[in-house]
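Chains: A, B, C, D and E, in written order; residue numbering restarts at 1 for each.
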Amino acid sequence: MYLVIFFIFGALCVAGALNLLLQRHPINSALSLIVVMTSLAVLYLLLGAEFLAAAQVIVYSGAIMVLFTFVIMLLNAGKEERTRGSKAAYLVGFPGVAALLGLLTYIFLSIRKPLGNAELGGGTLVTTSDLSRVLFRDLLLPFEVTSVLILIAILGAVALARKEP
Amino acid sequence: MTPIDHSILTWILLLPVFGAVVAALLPERGKLVQSWALIITLATFALTLHLPTHFDYNHSGFQFEINRLWIVSPAIRYHLGVDGLSMWLVVLTGFLAPIGVLASWRAIDTRVKEFYSLFLLQQTAMLGVFLALDLMVYYGFWELSLVPMAILIAMFGRDPGSRNSSRAAIKFFLYTFIPSALFLVGILSLYARTGTFDYLELKTQLSQNPSLFSPAAMWLISLSFLVAFAVKVPVFPLHGWLGDVFCEAPTAMAMVVAGKLGLYSLIRFHLGLFPFESRRVAHWMILLAVVGILYGALVALVQNDLKRLLAFGTVSSLSFCTLGIYTFAINGLDGAVFHILSESITGGALLVLFGVMYERYGTYEIERYGGLAARTPRLATLFLVTVLALIGLPILNGFVGEFLTLSSGFATSHLWGALGTVGVILSAAYMLWMVQRVFYGPESPLVHRSPVRDLAAREHLALWPMAVLMVIMGIFSPYWIRAIDRGVHALSNAPAVTHPAAALVSGHAHDGEGE
Amino acid sequence: MFVPIAYYLVLSAILFSIGVAAFLIKRNIITVFLSIELMLNAVNLTFVAFAHMWHQVSGQIFVFFVMVVAAAEAAVGLAIIIAVFRTRNTLNVDQVNLMKL
Amino acid sequence: MNDGLHLWLIPILPLAGFLLNGLLGHRLPKALVSTIALLFTAAPFLLVLHVYTAFSALSLPYVERHSAWIATSTFHADFAFALDQLTLVMLLVVTGVGFLIHIYSVGYMAHEEGYWRFFAYLNLFMFFMLTLVLAENFLLMFVGWEGVGLASYLLIGFYFKKHSAVKAGMKAFVVNRIGDFGFLLAMFLLIEHFGTLSFSEVASQIAQHPEWQGGLLTAIALLLVLGATGKSAQIPLYVWLPDAMEGPTPVSALIHAATMVTAGVYMVVRTHTIFDRSPLALTVVAIIGAATAFFAATVGILQTDIKRVLAYSTISQLGYMFLACGAAAYSAAIFHLVTHAFFKALLFLAAGSVIHAVGGEQDMRVMGGLRKYIPVTFWTMTMAVFAISGFPPFSGFFSKDTILAEVFRSPNGGPLLWAVGLVTAAITSFYMFRLWYMTFFGHLRLQAAQHEALPVALDDALLATEHSTNGHKVAVHAHAHGIHESPRSMLIPLVLLAVLSVTGGWIGIPHSLGGGDRFGRFLDPVTRGVGAPPSFEQVSIAMRTGAPIPTAGPAPKPEDPQTERVLTGCSVLAALLGLLLADTLYRRKPYLPARMAASSRALYGLVFNKYWVDEIYGFLIVKPLLILSRYVLWGGLDRGVIGGGGRVLAGGTQGLGAVLRRIQSGNIRSYAGWLAIGAAGILLLSYFGFGAHLHMGVR
Amino acid sequence: MLARILPEVILTLAGVLIMLVDPLLPRTASRKSIGWFSVLAMIAAFAASAWQLHLAPGTAYFGVVQTDAFSVFFHLLICGTALVALLAAIDSVRPETHDQGEFFALVLFGTVGMLLMTSAVELLLVFIGLEISSISTYILAGFRKRTGKSSEAAIKYFLLGSFATAFFLYGIALTFGATGTTRIAAIAAALPHTTTPILAWTAIALILIGLGFKVSAAPFHVWTPDVYEGAPSPVVALMSTAPKAAAFAVLLRIFYGAYPSIQQHWWSLFWILAAVSMTLGNLAALRQQSVKRMLAYSSIAHAGYLLVAFTAFSPQGVAAASFYALCYVAMNVGIFAVISHVGGYDDHLWSITDYRGLAYRSPVLSGAMAFFLLSLIGIPFTGGFFAKFYVFSAALQKGMFGLAIIGLINSGIAAFYYLRLLTALYSKPAEGSPVLAVPRMSLTLGFAILLAASATLLLGVVPRSSLDLAQRGASTFFSPTTPIQATTSSVAMQKGN
């Protein structure tokens, strides 16, 4: 049952990702990414992370991706041209990617046993209150520091996007 | 030991630095900077003279030592000291500095502050090399000695700031710096196992604990030392930098660039720390030395540029020292160290003379000279004296070193010793041929056109001390050798000293039986 | 049937690799940026999977923070992209190569 | 130590003269310069005379040690002077002849610029020469040895504006250095095996070991011979001496005839203990001597420059001395050295007077008939010519005769070498009389020379044409008004030397001629070891009692006065023969030489060009050396391999850098590609961990 | 509690204050006063960091941050560097560039991120700190908005930086997977008992990729030359130094703090990275004409030298790495301060040829530059030498002969290109080339350069006190007690070695 759901949404993820890769218009790629994110949200649910699943949909596919589409529209980005910019990207990059994928997959599969299975129920579901307890107690400082990060982002966005007279 | 004896080396070392800093701050007005540099170098020289006058000639260890902790970990100590080997080299460095200042008095007329600051820094670096007994401190000065030299070559080359000057500066720097990097690996490897940089302690540890390093490791470490020093000397195939540097460097720098640092280091560290390994390479070094003697002389024979000629002559001349060192005989080592002294003085004097000529005629090309003797007889006289010292005429200083090194080289290997002695013929040939072309014969158009200006007072002041020293050192060599002998004895193959060195100078040496 | 954790990891590895590949292939700067988001998402999946495995909340919180960071990055990144577009009038990464060697 | 003879003063005084004149001379008036020079040469002469008077009271050898010169803990050489009979003879010759030549120079050089320089150099020479003679060890001798070379270099190149003069000076120095090379190696061997360079210590060590024969000693001896051939201008290193005639004539007289060039002979005699143990070395010396004597004499036949004739004759006479050394007749060698110093100095000085008279001309072909203009010179020269030719009772006769007799008897010599010597004597006589006739007889040909280019190849052509150029005679006579006798300061030394040339030989009239061979006996303590100090005595004891010593063993006694007299007769005949031949060719039938030259052109050319030896040396040694240096070592090795190697290394590194820089294509995607491959690589490495390979444990 | 993050708090408050004040100032008004204010804040932060040294080592905020000698060492280093960079920027960031206020605020905030990186012992906080510092530098790199190069630098840096961050994050995730925690001390404790060590091995590789990018170690260095060239020089002065030092601190924290038990696995990675970085950086720099690109390559090489220290798994290694970082930032910030003045904010003097004869125009500047170059070469009595010496000494004590030889030969090769610049400074300007005037050096810049130069000199001549601190910091990782409770035993520790 879980396995089937996993495979369905896993396949959806991969398909979305591949679509991102293959689509030539950025808006299509962005939309494919939303598919991936939403599918991931389902997988999060499957892993008992319901708050994250919600956040994934709301923050990621909701807010961040909107920002992306907005910029795509703003800059009126068209289809990408197939320029030849770099041989290295193919000659060096692809073997790299292949090796990366192969190696990681091999590693993960080789330790299938010790990692065990994902099982739901039995009180393993993390409640939001558990989450907040850790977030606002143990990780209070990182949380607060995030504000600096956001401040910088605002500052930077303003400074960079502001037109010079 | 008076209190001054403990701090004298520090004073010697720091005075030029102080001078350099002040020189950098002085206004460029009149000859102010020059005078300041002259005062400082003279003062330093005076300080160095404290050493031979207070030296205990019956004592073979280090004297005037100062040994303070500098850095705990890594264990670097501010450890200075002189023994018979280094003492005269320190005095020599002190002696050459004022002469360098006098030689640059007029030749350097722009960026004077930079010149003299760097000049004085260079002096400290060289003094430091001779004084340091901690390998790290030593290495520091060793590397430091490259910098002012390189900058001065680049800044004050023959055609200041030209591409050639830069190239020569970079060439010089890289030639010495890259082997020095490997040398550092060697030092650090020693430290890694022994935990000390101190020369004396290292020496004790290495000799008492042969299992500290595998033979292969010792061999490699000793090679890293050897190559770094050999480049600096320079020993035969590593001399590629010398010609360009001689050509480009200002006189005061060319005077000190070759020879003494590398040769001293060979004796002190290669022989001192690696008695077995250095003996293993001895026959190769002797071979290279002999090749260097002949090669340098032959190539000098066909040079058209005065300075380049001298560069190759220097290669040839310094190879006598290498030859002497690697015979491991007392005679050879004494001769080698003595020859360092005399070669520095005579070579320096010749460079000053070249500088004098360049100031008047603006060229180093031999072909453009001719018949100078008639116009400037005093210049010619001093020139001839210097040349004669350089080609090893007895009772001038060059002979003593040549004789001792060659005789022990000959005792080590008849073939190589004999071949090395051929250099005596060739040196006379290239030097006298040069003299002939420059000073004799009819006056060349260049000489004829230029106004007659024999040596000025300042030039006399720079040259006469050297000329006088050439003679004095040629006649009273035991005065120098008695200290040197004590310094190198432990490094040689000779058995422990059986009679006090004082006997050497008493004149009526009573050990007539010889052995 | 339970899903082995390793499968989640493999899935994330696949997504991550696709993200890297997309970075290599895509010409539009915005799409390139999107592929980075894909990589981050892949990592997030790993976090969640491990959080599940270890029964640890901190893994999930890490994801939460990654989202925040991603948001911040997006803001800045898009601002930079706009700046690039202003000066270069293109979004093609292949044409953003004034500086080389 | 001995009571104060102060031997050191003998060399030091001329040095003081040198320093005074050298440093201040250019500011002093000429009179003062010459006063200083003469004073500081006369003083040592007087000192030597003083020594001579005190000589019989001395215990010999008298050694004076001063401070150490070179001293390490395993070796030392001191400033030490020694006096024995040999030294005394040499001192007398050097200071005596030297002083005379100084006097002569005052007149000869009176009008030269650099007058002070000349005297300074002369004094310097005296200093070194006296050091050489007085030295108690090899090293100090080497000081003098090199020093006289230096002085010779300076004096040959005295006219330094003349290219040829400077070149000749340099040639002299460098060729001498080749000899010094041998001397140095010999010293190295001595240090290695004897541990000392002191003459007496070396001699005593040899004396203590009668079993030492040949081998090492031969090597040392041969190396010393190399040194001696350089200094004494013997084959193969004689080439510098003819060129050295570029120097002022007094220099030629003092350095290149009387004193310096005999240093080689002196050295061989001084170190004869070594030579005595090496028959091979002695044979080599004898052969070199004989060959040089003969060879140089033949060259002398055709030389036209008056000084060059004398130069070759010097070489030839030095060959005699070598021949004597080779025959272990050391006292004979020294005897000839002394007489030669007298008559050769005289010859040169007289030649100088001639040259002075004709205004600097040195070519004999343009001289002639000068006896009328410069009679004193003519007469003194005549004495010298007879002396050198070996006519009794002139000095040369006795010394030459002694040598020839000794050679005949010696196991190292023998009739063959004697015959060579005899022939040489005839040739010597011939070319000396040729010179005599060409210079002083016939007519003055100076004018012709100024009008006609001299034929280079056939010198005697001019003589042959003399009869047809009578028309010029008037002009010649007009010109001859400039010819004048030299000033008195030049003539006095000439006369004094002439007296010595005549009588000098009487000090050593051999037994066979009824004399007592006083000279030989005087030197015996040194050359044979009779009555010598312990060390020398031991040598002679060893020589007498030890293992068979094939050479120079028992002092040869005059075995057969009859043979000796026959030999003497032969040499007198040889001298006469030479005289007659010269008389025929250059006085009675002056057209003959040209004809003979024409008939054997090849031989004539060979001899006239001095057997092309200079050219052969140039072609075989100097040229190849220069080519090697310029093209192989400098062009090929230094700039090509060493410089090129550096450049290749630098270029290669930079090239590699340029290649690596290509990674930086400027494209983000390719950068990402590099990142990806790097990431994969690191992952792989981490997974397969291979640290063991990197750990180059050096334990 | 607050004491443990006092410098960060000071800087954050100052940054916020600037953001508040900046809009209130008239648009055309000079923002120099803001610059001075940020300088003051930085000095305060420096002082606060120094004061932290007196605190007993310990953690705060539920074990998220830790103050110890190590963190203080890097705090001081980063604050000092930022201080010099700020001083150099006050006059170089021209009034006509707007966003001056933002510039200073961003520097302050970025510094907060870096400081947090060095004191964080929770990977989450490390990550956030890293992001703060990175994002602020991305923005700063693109600060010359009008030029194509600057924004190109920003986009390259940004995209590749985020790319690398993803790897870093992945590494953290796998670490979490292997140990179930993201606390450094806990990781170290849990790692020996993990059932899936292979995850940890993978994790270290991924983390190394991410951080290797930040410190521009080859082959993750590709961004460096382009970004250095495009970014404004005052920014490069900062970003080539402080963030790198912080990243090195993180590397040390993570690898020595969290992964000491699998040291066999990672030291060879560092070996390779070090060797490749040194060689590639130096070789590629040989033919560079652009000064900034050359220094970029040189910084790659220097990262390589620094990584050498990592291979020596010893207190000396850590101390050497820390000390090297210190010397490196001192000389690099100095030379970029000079360049930002000589080259100008818009980089109109960029090539080595342009620097010909600088010594004849402004001897002091070129003297300083020469001094920094000498230090970069590694001439004795400069920090650069001592750092290099110490690093290779540490490596050799662990028998890393190969690496030491590679490294020191490299330093020889490196001398070539530094010397090219050095001799150019002291050569006569090329005939006919227009001599561009260098504006008079302001007192502020002079002070900045003086600070950097004296630091470089002191580190070479009397390195003892800073070395002591570095060694104390290093002993944090090797203390026999648990790392968190590292106490005064640190001093005793170094004596033992």
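Quick note on the criterion: a residue touches a chain if its C-beta (ideal position, glycine included) is under 8 Å from a C-beta of that chain, and two chains touch if they have at least 3 such contacts.
Fair warning: this is a prediction, and the values are worked out from it, not measured in the lab.
**Q** Quickly list, by label, the chains bordering both chain A and chain D.
**A** C, E
**Q** If every step must land on a chain the current one touches, say how few steps get you from chain B to chain E.
**A** The least step count works out to 1.
**Q** Of all the other chains, whose mean CA position lies farthest from chain D?
**A** Greatest centre separation from chain D goes to chain A.
**Q** Can you tell me which chain pair comes out on top for contact count?
**A** Of all chain pairs, the one joined by the most C-beta contacts is A-C.
**Q** Which chain is the middle one, judged by CA centres?
**A** When every chain is reduced to its C-alpha mean, the one closest to the whole-protein mean is B.
**Q** Could you find the chain whose CA centre sits the greatest distance from that of chain B?
**A** Result for max centroid distance from chain B is chain A.
**Q** I'd like the Å distance between the centres of chain C and chain E, where a centre is the mean of that chain's Cα atoms.
**A** Measuring from centre to centre gives 26 Å for this pair.
**Q** Would you kindly tell me how far, in whole Å, the mean C-alpha position of chain D lies from that of chain C?
**A** It comes to 96 Å between the two C-alpha centres.
**Q** Please tell me the distance, in whole Å, between the geometric centres of chain B and chain D computed from their C-alpha atoms.
**A** 37
**Q** Where the centres are mean C-alpha positions, what is the separation of chain A from chain C, in Å?
**A** 6
**Q** Among all residues of chain B, which ones touch two or more of the remaining chains?
**A** 174, 189
**Q** By residue number and range, which residues of chain D touch two or more other chains?
**A** Within chain D, the residues that touch at least two other chains are 650, 661, 663-669, 672-679, 681, 683, 687, 698-699.
**Q** What are the residue numbers in chain A that touch two or more other chains?
**A** In chain A, the residues touching two or more other chains are 85-86, 89-90, 93-94, 96-97, 100, 104, 107, 111, 115, 138-139, 142, 146, 149, 152-153, 156, 158, 160.
**Q** According to the definition of touch, which chains form touching pairs?
**A** Chain-chain contacts present: A-C, A-D, A-E, B-D, B-E, C-D, C-E, D-E.
**Q** What part of chain A is in contact with chain D in the complex they form?
**A** Within the complex, chain A contacts chain D at residues 85-97, 99-100, 103-104, 107.
**Q** Considering the complex alone, what residue numbers of chain D touch chain B?
**A** Residue positions touching the partner: 26, 65-76, 78, 139, 142-143, 146-147, 150, 153, 157, 160-163, 166-167, 170, 173-174, 177-178, 180-181, 184-185, 187-189, 191-192, 194-196, 198, 201, 625-626, 628-630, 633-634, 637-638, 642-643, 645-646, 650, 698-699.
**Q** If you look only at chain C, which of its residues touch chain A in the complex?
**A** By the definition above, chain C touches chain A via 1-11, 13-22, 24-28, 30-31, 33-35, 37-38, 41, 44-45, 48-49, 51-53, 55, 57-58, 60-61, 63-65, 67-76, 78-83, 85-86, 91-95, 97.
**Q** Please output the residues of chain A touching chain E within their complex, sorted ascending.
**A** 104, 107, 110-111, 114-115, 137-142, 145-146, 148-149, 151-153, 155-156, 158-160, 162, 164-165
**Q** In their complex, what parts of chain D are in touch with chain C?
**A** Residue list for chain D touching chain C: 661-662, 664-669, 672-673, 676.
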